[in-house]
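Read through the structure below, which is laid out as C-alpha cells, and then see the notes.
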Amino acid sequence: MGYRIFNWGWKFPSPQQTFQAFYDGFTEGPLWGAIVASLRRLLISFAISIALGTTLGFLFARYRFLDQTFGFLVVALQTVPSIAWLPFAIIWFGLNDTAVIFITTIGATWTMSMASRTGIMNISPIHLRAARMMGAGNGFRMFYQVMVPAAFPHLMTGIRVAWAFAWRALVAGELVARGVGLGQMLQDSRDIGDTATILCIVIVIAIIGTLSDHLCFKRLEDRIMLRFGNIK
Amino acid sequence: MIDIKNVSKTYDDRNRGRYNALNQVSLHVKKGEFVSLVGPSGCGKSTLLNMIAGFEKTEEGMIEVNGEKVKGPGPDRVVVFQEHGLFPWLTVLDNVAFGLKQKGMRKKERHELALEQIKAVHLSKFAASFPHQLSGGMKQRVAIARALVMDPAILLMDEPFAALDEQTRFILQSDLEEIWGRTHKTILFITHNIREAVMLSDRVIVMSTQPGTIKKEFNVQASRPHSIGDPLIHHLERKITDELADELEKVVKGEMGDDYRIKKNHFSGPSSDSMGFGI
Amino acid sequence: SGCGNKDASSSDNITVKIGLLKNVTHAPAFIALQNGYFQEKFGENAKIDVMAFDNGSDFSTAIATGEIDMGFVGPGPAINQFLKSKNFRIISGSNNGGAVLVARTDAGINAVKDLVGKTIAIPTKGSTNEISLRLLLEQEGIKVTTDSSGAEIITRAPADTLVAMRQKEIDAALVPEPWGTQMVQEGTAQILVDWDKIPPNNGDYPLTLMAANDKFIKDHRDLAKAAIEANLEAIRFIQDDPTKSYELVSNELKELTGKGMDTDLIKSALDHLKLTHEVDADAINLMAKVSFDAGYIKDVKEEELDLSPMLDLSLLEEVTQNK
Amino acid sequence: MGYRIFNWGWKFPSPQQTFQAFYDGFTEGPLWGAIVASLRRLLISFAISIALGTTLGFLFARYRFLDQTFGFLVVALQTVPSIAWLPFAIIWFGLNDTAVIFITTIGATWTMSMASRTGIMNISPIHLRAARMMGAGNGFRMFYQVMVPAAFPHLMTGIRVAWAFAWRALVAGELVARGVGLGQMLQDSRDIGDTATILCIVIVIAIIGTLSDHLCFKRLEDRIMLRFGNIK
Amino acid sequence: MIDIKNVSKTYDDRNRGRYNALNQVSLHVKKGEFVSLVGPSGCGKSTLLNMIAGFEKTEEGMIEVNGEKVKGPGPDRVVVFQEHGLFPWLTVLDNVAFGLKQKGMRKKERHELALEQIKAVHLSKFAASFPHQLSGGMKQRVAIARALVMDPAILLMDEPFAALDEQTRFILQSDLEEIWGRTHKTILFITHNIREAVMLSDRVIVMSTQPGTIKKEFNVQASRPHSIGDPLIHHLERKITDELADELEKVVKGEMGDDYRIKKNHFSGPSSDSMGFGI
C-alpha cells in the first residue's frame, strides 16, 4: 500500500496550498481563534490534572491502604484512552467545553498521579529523616517544603507526559465537540477534504507542542536539574 | 545523657528471614562526652544510632535521652549522615536555616544564625551556592553547620567522613575536634577508621557482629588534644585493631567461605613497635 | 399570520438553540436561517444560537440532554434516542426521501442482488439511510454479514465515503444527497437505486423531521410553533424560487463548514427529495422495527415498540389550522 | 453542569445492562473478535514502533549532527496527537488496517525514540569505556551487548509510555477505520447510543491495559531491575 | 613500557574557561614496575591515566606504550575504575568473561579462564551472582579478575579501593600485592592514601596542582613485602606527607578563601618519632 504515498496529487497538499491555508487561516479564517480556544481548554484541564494528580499521588504514596485498594484502579484508568470516555462525557455534559475539559483532564490526571506517587515513594529516606529531625512534621509543611521539591524530577517527567496525553485527549475531544478549536477545525477540514488546512493544523500543533516543551518544561527542568546538580 | 538499656532489634529480611541486628545492648553516654562506635560492617551501628535518633522504633529494651524516653526524631538529637542529606533544591544558607524555619523563626533572624554557623565551618563564601556546587568535604561541613544551628544537646554522626578522600577527611576531623572543644556537645560517632575514633573520642566502643553486641570498651585517657605521637594513643589503636581483627575474619569468612583466611600478620604488623593502623 | 400572537413573557431575552446537520438535506432549515424566518417568527427579543452536527446521533444526544432546544434530524437516530430518554418529540416534517444508493462503476454491480459479498457504506449506525438499506436488502433476500455470503455494511462519514469510493474501499453506498450525485459526477459511481425507489414508500419516507425538547415545548410552545411556521415558509420559498434557494443553501453551508457548494450539486440534491411538513407515522414505526431487528434497540420488547408518543403533531395542526 | 452526572437514568448504564452487554458481546456479539483484531493491530504497530524507535534513538544519541538537524523534528512530531494524522492516513492508505497501523505506529515511535535517545545518552561512561577497553568495538556488538542492556531502565519506561500512546492512537484510529475492532465497536455503540456496550468496552480496555502492564511490562521491569540491583 | 613525554592537556570548562589540567608531564614506567601516583584532588591524575588508557586524546606531547603510540583503548592496558564499572545485567562469570567473548573465544573456553580468575580472587561461590548482590569489596575483586583475565601487560588502577571501608580496603591491598607478586604486571596505581601508596609501590610520584605537574618522585627501596614496621617505609611516608601538605593547603585555600588555614602541626604530628599517616 505504501506506493500510494508517492502518488501525490490530491493526496498531499503542495507547499503553496499549505501556505495559502496558513495565510487564510490567520487572516480571515478561524485559525487564531481556534488556537486560543484550544489552549484555553488545554490549560484549564492541565492545571486541574496537575493539582489533582499530584495530590492523588501523594495520598497513594502516603496511605498504604489507599494504594492497595484504589491504586490498581488508577493504573487501570490510566490505560483507558480518554477518547473512550467521550461518549459518556457527551451524554453527561453535552457537546461543549465541559465535556472536552473533562476528557482532557481524565486523560492527564492518572499519569500525573502515578508519576507523583513514584516520585514521592522514591524520595531519599535521608531527606525525609533530615526534615523530620529538624521539625518539618508529617503534614502539609513536609509535603510542600520537602516532598514536592524532592520529587520534582519525577513530577517533571509526569508533567511532560501528562501534557502530551492532554494534547491527545484534547484534539480527540474537540473532534466531536462543538465550538471553535483546533480539533473542530481538523474535523471540518476533513469533512470538506481540505488537506492543506489539515496539514497546516498539524504543523500548528507541532509548533505549539515543541515551543511549550522547549520554553516551559525543558527550561524548567533544566533549571531545576541544574539546581539538583543533575542527580537522577 | 543517653541511656540505653538491653536494647534488641530484629529485622524481617526477605532473604535471611528474621535477622537479629542488635542483641541486648546497653550503653551510657555522659553529657559532653565524645563516644565512638567501631565494628565490622553490618554489626548494627547505624541501627543503634537510628534508634537513638528516633528513626527506628525500639522493640525491646529502653532508650532514654535526658531522662525521657525516645518517641521520635527531635531537634535535640541531630544526625549528621554519611551522605550529608542536604536538600539539593535549597542554597547552603537555606539548608542551614531549614530547621530554624520549622521552629517558626523569622527570616532575618534565622539567616543571621545560619550565617554564623556557616562562618564557623569556613564557608561564608558559599552561602548562596547550591549543594552540588560544593566538594564532598564542603557538603559535610554544611551538614555539620545545619546540625549545630539547631543547638542540639546531642550530635549523632554516622560515618560522617567516610565518603571523603583522606586529605579532606583529616581536615574535617580537626575541625570537628575544634567544634567539640568549643561547644562541648555530647557526640556519638560511628566510624570504621580506628585512628579517627581514637584521635577524637573520650571512649571507643567496639561492637561484634551477628548479632550486634557490645564487645569491649576502651577509655582514651590521653590528654587533649590527642596526638598521634602519644604512646598511649598508639597502644590503644593497636589494641582496638587486634580486637577487631577477629570480628573481621568472622565477616570475611561468612562472605567468602572458609577457603579464605586473612593473613593475620598484616594486621598487627611484624614488629610490635609499629602502631596499629586503621584496618 | 401566526407570528402575531407573540407572548412577551415567553420570548423575552431567551436564546433558542437550534440544531441541524451540515447536510444539504436540511435545506429548509438553511433557508429559514438565511432568510431570517426564525428571527422573524420568534420576535426581536429572542436570540438564535445555531449548532451544526456531523451526524444524527450526536444531534439526538444533544436534544436529549437539553444541549439544544429544537432542530432538524432524521428519524433513525431520533427513534434510538427517544426510546431511551423519552424527553423530546417530533413536531413536524421537513422533507422526505433524499438518499440514493450508488455503486462503484467498476464493481460490476448492476442490480441490488449483485450486492452479495460487497461492502456498502452508510453515514452512521442506526441512521435513516441504514434502515433504508436494510429494507432494500431484505426485499432482495440479502443478509447483512461480515463475510462474502451477504452484504457488509460499514459506516463512513459522507466525506470519507467519497475518498473510500475513489480508493475502491467500498463497492456501494447509500448516502444522502448530494454525496451520491457528487460521486456520479466524479465518475467513480453510478446510481443503482434512485431516490424515489428507496424504501420505505419509494422515497416518500421521512428524511428530515423537526424535533423539540419536551421542556421547550412546555415552556415555549409559542416559539415551537413559530419554528414550525418558519419551516413551512422555507419550504414554500424553495418551491417558489428554487434557483435562489440553491445560492442560499450554499451560503449557509459556507457559514457552517467554511466551504460552499456547487449549485448544481445542491440542485440535484433538492430535486431528489420531497419537501413536506407531513409526518408518516407508519413509516416511522416500520423504521423502528428495522432498527429493532438490527439489534440497535435494546431493553424494549418488540410488542411494546410503539412510537406514537414520539409524535406530537398538535402544534403542527394548530399552525396549519391557523392559516 | 456537574449535577447532570447524578441524574442517571439513561445517562449511565445499570450494572445489569452492563452485564447483559458483556454477555451479549461475548456470546453473540463481536466483542471477542474485536478484542483479537484490535490486539493484532496494536501488537504489529507496537513491534514496529519499538524497533524503529530504539534504532532512531540510538542514531540520535550517536550522531550529533543527526540530533541537531532531525532531533527537534522528532520532538515536534512527538507532540502531534497521532489522531491529527488520521485524515492523511485515510487519504494515503484508505480506511483500512494499514491506516490504523500507520496511525498507531506514528503514535508510539517518537516517544520510544526519545526514550531510547535519553537512555543511551545516560549510559554511564565507565560502562562504555570498560566495554571499549575490552574490545567491544564501536558498532553493532557494542550496541546490543552494552548499550541496549545499559539503557534498559530508560527503554522500559519508553516502552510503557509507547504502549499507552499506542493504545490511544489505536482506539482513535479505529473509530473511523473499517473492520472489526474495539474502536469500531465504540463508535457503533455511540451511534446507536448504547451506553452499556460503551462501558463494557471501556472496562475491557482497562482490563487489557492493566493486565498487559502487570503481566508483561511490570514483571519484565521488576526482573530487570532486580538484576540491576535497583539502580535508577 | 610506558613512556610519557611532555604531555599537556587543556579542558574547555564551562565555568573556568580553558583549564590547564596537565602541564608538561614526563614519566617512564618500567616493565613489571608498580608505580603510584598521589596528589591533591583535581591535579590531573585521572586525566593522565585516561590518556594512557586511550580514553582521552593526547593533544600535546606523546604517550607510548611498548614503543607504540597510544591511539585508543586496548586490551593490553586494562583499567580498574574506582566505581568498579561492572555490567549490572551480567553475572560475575559473564562480566569476567566479557573481554574474552569480544575476542571471539568459545563459551566453554572463556568460562574456564574466567572461573580461574574468579577463583584467584576468592569468589568461586559467587560466579553466578549479579554485581548488586556483592559487597563493595567483592565488586572490586571482580573488577580485578575482569582485568586480569585479559592478561594485559599493564594494569591501570584509578583509586580502586577508595570507595571501600578501611577493613575491606586493607584486605584488598594485600590481595593486590599478592597478585602483583605472582604475575609481575606493570601497574600504575592512583590513590589518595599515602600509606597504601608506600606499602604497595616501587615508586611513588607526587603531583602538584594547577596546573598538574610532577612535583617529586620517591623510590621505595625497602625489601618486599613492605612492612609498616620498616623505618624506611616510615620515613618515606612522613616525607611524602610533608610534600603533600603544601599542595593541600593550596587547594583548600583555593576552595575556601584565605581565611582558612590548616593547622600544620596536625600533619606531621608534634613528635618526629611518629610515622606520617594518610592525610
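Each chain gets a letter, A, B, C, D and E, in the order it is written, and its residues are counted from 1.
By our rule, a residue touches a chain if its C-beta (ideal position, glycine included) is under 8 Å from a C-beta of that chain, and two chains touch if they have at least 3 such contacts.
Remember, predicted model here, so these are calculated numbers, not experimental data.
Touching chain A and chain E together: B, D.
When chain pairs are compared by contacting C-beta pairs, A-D ranks highest.
Between chain A and chain C the centroid-to-centroid distance comes to 38 Å (mean Cα coordinates, whole Å). Centroids built from CA atoms put chain D at 16 Å from chain A.
Here the spacing of chain B and chain E, counted between their Cα centres, is 29 Å. For the pair chain D and chain E, the distance between mean C-alpha positions equals 48 Å. In chain A, 91, 94, 189-190 are the positions where the chain touches two or more neighbouring chains simultaneously. Touching two or more other chains at once is no residue of chain E. Residue numbers of chain C whose C-beta contacts span two or more other chains: 61, 65, 157, 160, 163.
Applying the touch criterion to all chain pairs gives A-B, A-C, A-D, B-E, C-D, D-E. The part of chain E that touches chain B in the complex is made up of residues 40-41, 122-125, 135, 138, 162, 165-168, 170-171, 174, 192-195, 227-229, 244, 248, 251-252, 255-257, 259-260, 262-263, 266-267, 269-271, 273-275, 277-279.
On chain A, the positions that touch chain D within their shared complex are 1, 4-5, 10-12, 72, 75-88, 91-94, 98, 111, 122, 161, 164-165, 167-168, 170-172, 175, 186, 189-190, 195, 198-199, 201-202, 205-210, 212-214, 232.
Interface residues of chain C facing chain D in the complex, by the touch rule stated above, are 55, 57, 60-61, 64-65, 77, 80-81, 84-85, 119, 124-127, 146, 154-157, 160, 163-164, 167, 169, 291, 296, 298-299.
Partner chain D is touched in their complex by these residues of chain E: 53-55, 72-75, 77-79, 81, 83, 85, 87-89, 98-99, 102-103, 130-133, 146, 150. Here chain D touches chain E in the complex through residues 124, 126-127, 129-137, 141, 145-146, 149-150, 152, 224, 227-231, going by the rule given at the top.
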